[in-house]
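Multiple structures follow.
Heads up, the next two complexes both have chain A, just with different partners, chain B and then chain C.
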Partner chain A sequence: MKKRLLKMLAALMSVTMLLAGCGNSAGTGSGSNAGTAESQEESGGENVQAEETKRLVMAVDPDYETFDPGRAYEVYADLVLHSCYDTLLQFEGGDVQNLVPCAAESYEVSEDKLTYIFQIKPGQKFSSGNEVTAEDFKWSIERGIHLEGNPSFLADSINSIETDGDYTLIFHMKQADASFLTKLTYCMFAAIDRKVAEENGASAGEDAASADTAKTWFDYNSAGSGPYKISSYTPGSDVVMVRNEYYSGTAPYFDEITIKTVTDTSSQVMTVQGGDIDIAVNVDVDQAASLENAEGITVHHAQTATFSYLLLNCSEEYGPISNEKVHQAIRYALDYEGILSLSAEGTTVPVGPFPEGFPGSLASANPAELRDLDKAKELLAEAGYADGFSVELYIPTINVLGVDFVTVGEKVQSDLKEIGIDVQIVAQDSAVAQEGYRTGTQSMGLRMWGPDYPDNGSQLAFLPGNVVGLRANWAEEANPELAELGRAAETTVDLEQRNKIFNEIAEKMNEESPFVMLMQHATQYITRSNITGADYSNRYLFDLRNIAAE
Partner chain B sequence: MKNKKSFLKNNTVFQALRTNTLLTIGVVICAIWLFVIIFADYLAPYDPLLQDLSLRLQPPCREHLFGTDSLGRDILSRVLAGSRISIGAGLQCVIISAVAGMLIGGISGYIGGIFDDVVMRIGELFSSFPTIILAMVIASAMGPSLFNTLLTMCIVWWPNYARVMRAMVIQVKSNEYVEASRCLGASRMRIFIREILPNSISSVIVLTTVDFGNAILLFASLSYLGLGSPPPAPEWGAMVSNGAEQFYYWWVATFPGLAILSVSLGANFIGDGIRDYLDPKLRKTIS
Partner chain C sequence: MNVLRYLGRRLVFTVFLLIGVTMMVYIISYMVPSDPVVANLSARNLNNEEMVQAYREKWGLDQPVYKQYFTYLNNLLHGDMGTSLRTERAVMEDLKLYFPATLELSIFGILFAVFFGMLFGIISAIKRNKWVDQILRGVSVLGVSVPVFWMALLLLFVFYLKLGIFPGPGRLSASLTPPVHKTGLYTVDALLMGDIKVFADAFKHLCLPGICMGLFTMGLISRTSRSSLLEVLSLDYIRTARAKGLRERDVIIKHALGNSLISVLTVIGLGFGNLLGGMVLVESVFAWPGIGQYAYKAAQNLDFPAIVGVSLLIALNYVVINIVVDLLYCVLDPRVRYM
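This part shows the complex of A and B:
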């Protein structure tokens, strides 16, 4: 029995060696690991940069539903989509502040901020070998708009798209949209190979929502001009991406990337320890702490843009909690240092609804200086509730990046007790709590928020009269000044001026708003120590184009 | 002295205790917990709600025998204080559903006919609901609270008692002394209360003791799901749930878990013992 097994192994080995040998001899020469675009072109797309295939394996607990760039809007989908599809502009590595050109060579914005003209780099090719033209971009974006999928709202400010020759793309806007360039990094704005897509049922017509049948094809294949293409996808198991042989930009380090679905965090950690996997994304706070000194493993801490906050209802039917002075009192009563100790290292307290790290956000507040119990009691007395009052706090029973929400609620409860507010916790299933939040019927709620796109424009939802503001029954009339500032921020395209407006809003909201920011969450992940460039990105999760190994 | 000795020898309860080790263990466990329930306030070294974040997730040590939880609260104090809620809830649930089940099942069996059919079908309807799902429905409709959870448990539990009681009543009501009482002109009410109830109650009492352990377990699993009394109440199931999220800190879930285990085990031992004691026929067939 044992012998037979050995023989089989030997046979298998020789076959693999043979195959590897073939791979090498087919190329122009092994060992040319220059890794530049030229060597790629010369070799006619053969994977011959090193003796063996350079493979990156990641373990994630993904949420992706589709890899159709016109339909996908899930957090983990960008791991795959950003690797396979080139957008006009992109963020590099973990940075979300500086946009850099990707498929575009340059762009101009008109004086009135209503026209954007992009020059597309000539000579870029899709993974089918077809050339990328402005027409492909126009077709792809129109398809995304007409599919009416989850990301379609990103294009709401576009009036029409026009091409001028093969390499000029012109956007005409309905109104000035300061977040437009950031939105362009989403794969809904990526170039799709029109010919290939249409062969597989894609349509960009007005009726695309029903006429387009390419979703299934896109789930298992890609038709982009990025450095990789999808080679196989097994739902619930893994996605494998290989090099796009026709990619003309700087070739990434890895030949092949496998993203494995491993839902259990401890198995993710174990497989990294065993060396089978290079990056484990979903790691618990305590697991990370126990690996801090492990050999061959690097624990990374990063700040996410996700934050948790208290929502205080402004409608008078919910009693004392609607009082503005009470809002301020609660803000001063909380022990932020204690609350931060409940979550991962690197968690901070944001100023206003603007996460630290976005352009225009203020640096996070010093948690030790935020608490002032005397002032809180004073404010409460001014509001006429010196003896305190009782209020219900609605909490979804969820765990946000390693932080148990009910535990946070209990901490808030004990802090507010010190100024006489008797908080009754109502822990609810997250779907039930969501319903209460949507209808604006929570007297007090503990909520989390992740920005729609990495720009403070998406955080304006917290202003009076906007989506989140209204969930706290904070109408525009309650604070017209803030509402006015919000409108200015939406349309001011000049960066410096826009950032000033955001700073002003943040400081104002820190004084007078029904939202108490508790924490901007940090996260942690582990990589094998030889992996470089694995920076956490608030846009793509990880920019796989930049990851390499030593 | 002599009298006392013979009393111990002849008293069947003590005999049962002597011959049945499991029953003895059960009685000892429950006696300890009864003591804890009564004197929890004096036994607990700290305030069970007192948070101290500088001491969060301390492993068991001399100051905190069972360690501390994620908000720095003393787990020993919480387990002791939690006995009132968790054991109390189990007790209330069993007593309420036993009384309700006894009355409904007894009357239904006594009256018989269509009334009996309808009542028993309703009972089956209730007991066919999965408890936990029903509890979640009620909790989301009326908000999670101790009262709602108890209500749910009783709704699902009473048919068990009703069924046992009904069977007993049907058996008892055909006895000759019931017939005799009727001949003497006793009213139906009097017959039910004086003749039938006392003679059919024993099996329900046995069921109650056996069920008590299960009720504590069910309550713990419902509060594990967040359907018990709202935080920060020190409820055993909720404490286990809190600890289950942080396996690295084993003590957070282990000690309340052991408390649940010991109480439900003790109650089950007593239940089995009492059943054996009251039903010598069964004991013989088992042994």
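This part shows the complex of A and C:
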């Protein structure tokens, strides 16, 4: 009997060894993929030995649903689209303050700011080898407008587009739009190879929303003039980009970029530690802290433009919370230092809805100086609620850049209890909470906001009568002065004057608005130590054109 | 003949089951206090009533739920499972993309679970209450009770990061190109292409997530096969076999094992059905692009066509597995054929 048992155990061991033997040391800290001599192993689906390939591998938990430049409007899609499609202007690296030419070599703006004339660099080519012309730009932008997809609002201020010869593109505006040049960095304004796109079902006609059938093609292919082109896309798995051999600009360092979908943050970290991944984007605060001194890994900290805020409903239907003095009392009652301690290192409190780092934003507030409980109680008494009141706080059960929203809500609840406000937390699935937010039926809401584009013009949505303002039932009549300042900011193109207006709005919003800014989030990510140029960008997440390896 | 009649009955039942599944999902979708438009349109476009209305019309969301349901059923009868609100691809295409990854992993997981589960169960039964039995029962209990996400991270940490025996997350190394899609099962497609390198790499990538997925079922099979075998070993005909002087090995393999398999088969069937539904946490840790992740994203975005599609697929999996299990009962126990 013992012999039989031994035989069985031997069989068990054999199978285990067989399984183990299948493995190799692929993930044993063998070093980065980047810049190492690896074999290029592709040829029509077969893997054969070929030339050395410089390959960058990233791990992300992406939100992209399409790589159609006319339809995509998700944060992670830009990682791919900015690498494959040239826009007229662009931001470089992590900078979002200084626009530099990309496909355009120069541009002029008319005095009334209603006409923009771009000269496109001659000799640029799409990945098909076709030349880039002004007509391609015109067609691509009109397609984006007529598709009526999520990014189409970016072109709301355009009246018409015309071309003059092969390399001159002219925009006629409906009204002056101070954010227009920044908006042009979006891929909806990139040049698409019209010929290739039309062969695959694309249309730029007014009926494009129904007539255009190219989305699926664009999901698996690209037709741009950027330094890379999409080589393959496996939904839920990875997207692979290879060099556009016709690219005429400065060639990027890497031959190939693989962006892997790895939704679990621990797995992302382990694969960087194991040397299989060069950049892990979604890293928790604790994970980053534990890796600060890890060999071969660099931990990066960056400030994002994403912020979290409290929305206080202005409609009298919601009782005391609609009172302006109550809004001020809440602002003074919160312990901002405590709230910031829930987030990553580098998180700050923005002044007004304008993220620090954007032109025209004020420096962040000192959290230690913001709390004044006596003043908060005084304001509450002035409002006629000295004994406090009860209010529901709606919270989506989400985690924003490592910050659990319910925990933040509990902190707000405990802070407001000190001035007698009894906060009842209503935690909801994000889609359910979004519905209440959209219909303006939340008495009090904990929300997050990411700017539509890296310009404070995008933040004017918070003003009375605008999109977010109306979510709090804050109509234009409630504060006509702020509404007027907002209109001035939208159309003032002189940078200095515009920044002054933003400063004024920020200070007023900090006193008079139904929005209490809680934190401008910081983020952290890790790279292999030999990776350079991996700066966080509030526009592209990362500018993959600039990343290299030592 | 009985078997054919049985199959016919099951097929009719299947049709009603699938209709029931679609109806349940639509009723739930009606009851959810949210709106797919909100989940899928950007904040800017949500403010534009024309955009919102156009979106509702495009996806038929402006119709009453019962109309949406009958339209869906009509399309389904014509082989159209609708279009995903999130990916804007045909749900059928999405399922073809995601399901093979889950199928491949589930097959590996169930093979692992059956092999080790049966082995442990048999050894435990033979060595009842001895130290080997105690250890193997402990392993089975661990397999059933350890949280799957924790096990996934532990396996990854030990066997990928520390020991380097298995590769990291994903279906294939970044340096390799996936095989041409024929079945969607990388190992099978690689073999069809004759690409041994890709086959080996894909197989290595299957090991850790496959073991992780199979552990729970392995625990169940081990416990069930142990108790079932012990029950059979206590029956009179086994005593008779032993009294005739048969070797213990023959008694177990030829006389006891076959009869103890019926209840184990039920567990295997249920376990396989469970694996085919996808395991979101395992797929998440091992970056596996399977049906679990697809269903999770669909639920997040209130993507009802995709949710119905996944529900139908899972229901169909169980139906097929149950039919196969029932047919295997007939093979294992001839009495079933005459019932």
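Heads up, the rule we're going with is that the second predicted complex is superposed on the first by the 499 of 550 C-alpha atoms of A that agree within 3 Å, B and C clash if a C-alpha of one lies under 4 Å from a C-alpha of the other, contacts with A are read in each partner's own complex, and residues count from 1 in each chain.
Here is the rule we go by: a contact is a pair of C-beta atoms (placed from the backbone, for glycine too) under 8 Å apart; a residue touches a chain by one contact, two chains touch by 3 or more.
Predicted, not measured: the structure shown is a model, and the values here were computed from it.
In the superposed model, A:A363 makes contact with neither chain B nor chain C.
In the superposed model, A:A209 lies in contact with chain C only, and not with chain B. Measured by the number of chain A residues touched, the leading partner among chain B and chain C is C. Once the two complexes are laid over each other on the shared chain, residue contacts for A:T261 go to chain C alone; chain B is not touched.
When the shared chain is aligned, chain B comes close enough to touch A:Q287, but chain C does not. In the superposition on chain A, no contact is made by A:V100 with either chain B or chain C. Shared-chain residue A:G274: touches chain C; no touch with chain B.
With both structures placed on the common chain, the touch criterion links A:V432 to chain B and to chain C.
With both structures placed on the common chain, the touch criterion links A:V75 to neither chain B nor chain C. In the superposed model, A:A386 makes contact with neither chain B nor chain C.
Residues 429, 432 of chain A are contacted both by chain B in one complex and by chain C in the other. In the complex of the two chains, the chain C residues touching chain A come out as 32-35, 38-39, 41-48, 51, 54, 86-89, 94, 97-98, 101, 115-116, 119, 123, 126-127, 132, 153, 156-157, 159-161, 163-171, 173-180, 193, 195, 197-198, 200, 203-204, 207, 211, 248-249, 284-287, 289-290, 293-294, 300-302. Chain contact summary for the complex, chain A toward chain C: residues 1, 4-5, 8, 11-12, 15, 19-20, 22-29, 33, 38-39, 41-42, 45-47, 53, 55, 57, 59, 65-66, 73, 148, 150, 152-153, 209, 215-216, 219, 232, 234-238, 258, 260-264, 266-267, 270-271, 273-274, 276-277, 429-432, 434-435, 438, 452, 467, 470.
Remark: chain B residues 49, 51, 53, 56, 70-71, 136, 140, 143-144, 226, 230-232, 242, 245-246, 248-249 touch chain A in the complex. Within the complex, the chain A residues that touch chain B are 286-287, 290, 335, 338, 341-342, 397, 399, 404, 406-407, 409-411, 413-414, 424-429, 432.
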